[in-house]
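Presented sequentially are two complexes of chain A, the first with chain B as partner and the second with chain C.
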Partner chain A sequence: MKRIEYLKRIYEGRLIEINPKRLLITVPKDEFISALSTFKVNSFNQLTFVTAVDWIKESEFEIVANLYSRENRLNVFVKTRISRDNAEIQTITSIYSVAKKYEVELTEMFGIKVVGNEDAGKPFLLENWKSKPPLRKEFDSVAYAAEHYEARHAEEKND
Partner chain B sequence: MGRLDEREAMEILDQLRKRSLWMLHYCTACGAVELPPTMTSRYDMERFGIVPFVTSRQADILLVTGYINIKTLRRIVTVYEQMLDPKYVVGFGSCTINGGIYWDSYAVAKRLDLYLPVDLYIAGCMPRPEAVISAFRHLMRLIDEGKADGYRRYKDNYYWFKANQKKVLGE
Partner chain C sequence: MIRDYTLFIGPNHPGIHGNFSVKLQLEGDTIVSAKGDSGYLHRGFEKLMEHRLYLQNLALIPRICVPEPDINEAVYAMAIEELMGIEVPERAKYIRTIILEAARVNAYLFSLGGFGAMIGIYTLMQWSVGDRDYMLDLFSKLTGARIYHMYIWPGGVRRDFPSGFEEELLGWVRYIKDRLSDYDNLFFKNSLFVDRTKGVAKITDEEALNSGVTGPNLKATGVMQDVRIDEPYAAYPYLDFKIPVLSEGDAWARTIQRRMELELSLNLIEQAVKKMPKKGPVTVKIPNPFKWRIPKGEAYAKVESSRGEYGFYFVSDGGTKPYRVYVRGVSMPHMYPLAERLLIEANLSDAPMIIESLDICPPEIDK
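Right after this comes the complex of A and B.
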């Protein structure tokens, strides 16, 4: 736990303990990569996932990275906020190489541009997708499904 | 003994075929979890002559187990076209019938029968191994009576199926 004490000291109260197994830190977007590097050096050497949360009313995306320290049996959520228009982040594959596919997903599902990841932007799950990125809040999934995928009507009989 | 005409030959072949169905279980989704007990000693579908098989070229049945999203659909169509005649499609679970709980999903095609000729649906979310076995017994009966003609329908309505596939895949 010496490393956790050290991290708490350098982040001066910004590193919050949600429960004994989980920590949370919110950093400005310029510090995101350096925060991840700091956590990696201090025993958090597994990246569990990177994802985004769409805060449409505040016009912001929240990027969330979940790191795990096997040594201390502890999770940490590293969060940062970026602007929703022309959303763009730097790749974190140089720190955690497993982030590659998660960044592809950020581009495909949220339309967040990832600079430095050459796979991001190529279609992975949504081939021939011509609409908005589907996990953005303004995307209407019900209307899209009704328009593109023909439904079976209950009164129709096929026996 | 005279020569058999084509109809008589088909009847004999159908009799033989129905007891030796090789199944390609295309595990698209969660429904695949019901298949291990169906295949193995608890329910043992091999007693009906149905064997799980791994390649499309040698399989008779294409069992689509669960929701069909647009990425999967392209692969299912390829797999179906690789299979040799006669071939039968079985839609497993309510997702292949009307989308099931994925009715509002942006990536799930709701009806399998628009894209592939389905011979038989198994309703349920998800169907129990008994239902799967019962469906296969029913499929055997359909084959015996010559009613499982999905592969002929696919050839006859090829352009209709292709147009539907292209429309949903956005090509």
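Right after this comes the complex of A and C.
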């Protein structure tokens, strides 16, 4: 637990304990990469996932990286907020190489540009997708379905 | 003459579970590059969940992964319970453990069948899928459904065991235990399997940890990491068990690791049935499910699935529907980058073994 104490000391008050197994820290965008490096050298050397949450009312995306420490059996959420307009982050693949495909998902599903990841922007799950990134809150899946697919007339019965 | 060509494994291939494709670039029969092609099965679960009430989502989430749907219900319930501060009754904890372990045995049997089909032992496929079916009948008796049970829900489980269910369940466990020697003789000791997997697609523990690998694929490299031990949920804290690990890290070790964990799961079911309280509530009293409002906050609930760490990252804004759910599928790091890397320089005939030994479940990647 020494390393956790150390991390709590250097992030004085910002590293919050949600419960005994989960920690949370929110850092400014330009500190995101350095925070991840700090956590990595302090036993959080496994990346579980990276994703985003669209806080449309505040016009912000929240980037969430979930790290795991085998030594302390703890997960930490490292978060940062970025503006929804021209959303852009730096790649974290130099720290956690496994983040590559998660970043591809960020670009595809949220339209967040990832600088330094050559795969981000290439189609992954969605082929020939011309609409808005689907996990953005303003994307209306019902309207999209009505526009792109024929109605199924579920009420018609042939029995 | 050796020439370059491109070959697709999948999306319609007997050895690929679900719709998924790997595009191989070959020189003769040596693989030069491999690219996974996901998206055939993208159904947009994360988006769909944002538009449905908490109760409606219960019917949706088991469908994320067909071979082992119960883990979805468990992590969904655990995330909501964490945010609502609900403590599950003890009997429900044991029932959850039994269901999750039975689902794990089913998932192993299913993937074992896939492996058999991949190397031409179709008998194995018929046996294991048939043996899995006996448990599906029991699931049907318990929950009313064979595959998608919607049984584990926030606060406990939907209903108690019907009378005599424990005996039937233990009967199935004993039956599978007896069958294990048949499986050993047909497959695990068969040189068709051993000779073709020993030393194939070997990974080290360091490589596995850096690639985000979890579950049997990681334990086969000698690293003891398992959510059931590291962060015990359901009734695992009350059970006495030791998880076996191997150290070879090759396709053989990964498959044998599953074989050992299958046996462990059977023992765990027996132990849980023995130790569980014979009476008591199986769910706490919860408010009208159509009007559930989950307190604002976030939670990451995880379980050890048959493939590794499976979890939901759950964000609630205090409303009647989830604000955001991220599905942490196990197979994502197992396919990207691990399988893509392991396939390079492998022989074409080893490709099915490599993909199968990693037990990749494409629906988890697509979601």
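FYI, the second predicted complex is superposed on the first by the 153 of 159 C-alpha atoms of A that agree within 3 Å, B and C clash if a C-alpha of one lies under 4 Å from a C-alpha of the other, contacts with A are read in each partner's own complex, and residues count from 1 in each chain.
The rule we apply is simple: a residue touches a chain if its C-beta (ideal position, glycine included) is under 8 Å from a C-beta of that chain, and two chains touch if they have at least 3 such contacts.
Since this is a predicted model, take the numbers as computed values, not measurements.
Enquirer: Based on the superposed arrangement, let me know which partner A:144 touches: chain B (first), chain C (second), both, or neither?
Expert: A:144 sits against chain B, while chain C stays out of touch.
Enquirer: Which chain, chain B or chain C, is in touch with more residues of chain A?
Expert: C
Enquirer: Look at A:115 in the shared chain and tell me whether it touches chain B only, chain C only, both, or neither; answer first, second, both or neither.
Expert: neither
Enquirer: Of the partners chain B and chain C, which touch A:56 in the superposed model: first, second, both, neither?
Expert: After superposing on A, A:56 lies clear of both chain B and chain C.
Enquirer: With both complexes superposed on chain A, which partner does A:1 reach: first (chain B), second (chain C), both or neither?
Expert: Neither: A:1 stays clear of chain B and chain C.
Enquirer: Tell me the contact category for A:10 with respect to chain B and chain C: first, second, both or neither.
Expert: Neither partner.
Enquirer: If you stack the two complexes on chain A, which partner ends up touching A:127: first (chain B), second (chain C), both, or neither?
Expert: In the superposed model, A:127 contacts both chain B and chain C.
Enquirer: Pick one for A:48: touches chain B only (first), chain C only (second), both, or neither.
Expert: So A:48 only meets chain C here.
Enquirer: Shared contact residues on chain A for chain B and chain C?
Expert: Residues common to the chain A contacts of chain C and of chain B are 125-127, 134, 139, 141, listed in rising order.
Enquirer: If we count contacts the way the header does, which residues on chain C are in touch with chain A in the complex?
Expert: So the residues of chain C in touch with chain A come to 38-39, 42, 44, 46-48, 51, 82, 209-212, 225, 230-231, 298-300, 309, 311, 313, 315, 323-324, 326, 328, 332-333, 336-337, 366-367.
Enquirer: Flag every residue of chain A that touches chain C in the complex, lowest number first.
Expert: Within the complex, chain A contacts chain C at residues 18-19, 21-22, 24, 45-49, 51, 53-54, 64, 66, 70, 73, 75, 77, 96-98, 100-102, 109, 123-127, 134-135, 139, 141.
Enquirer: Quick check: in the complex, which residue numbers of chain A touch chain B?
Expert: It comes out as residues 125-131, 134, 139, 141-142, 144-145, 148-152, 158.
Enquirer: Under the touch definition given earlier, write down the residues of chain B that touch chain A in their complex.
Expert: Per the touch definition, chain B meets chain A at residues 69-71, 74, 97-99, 103-111, 113-114, 168-171.
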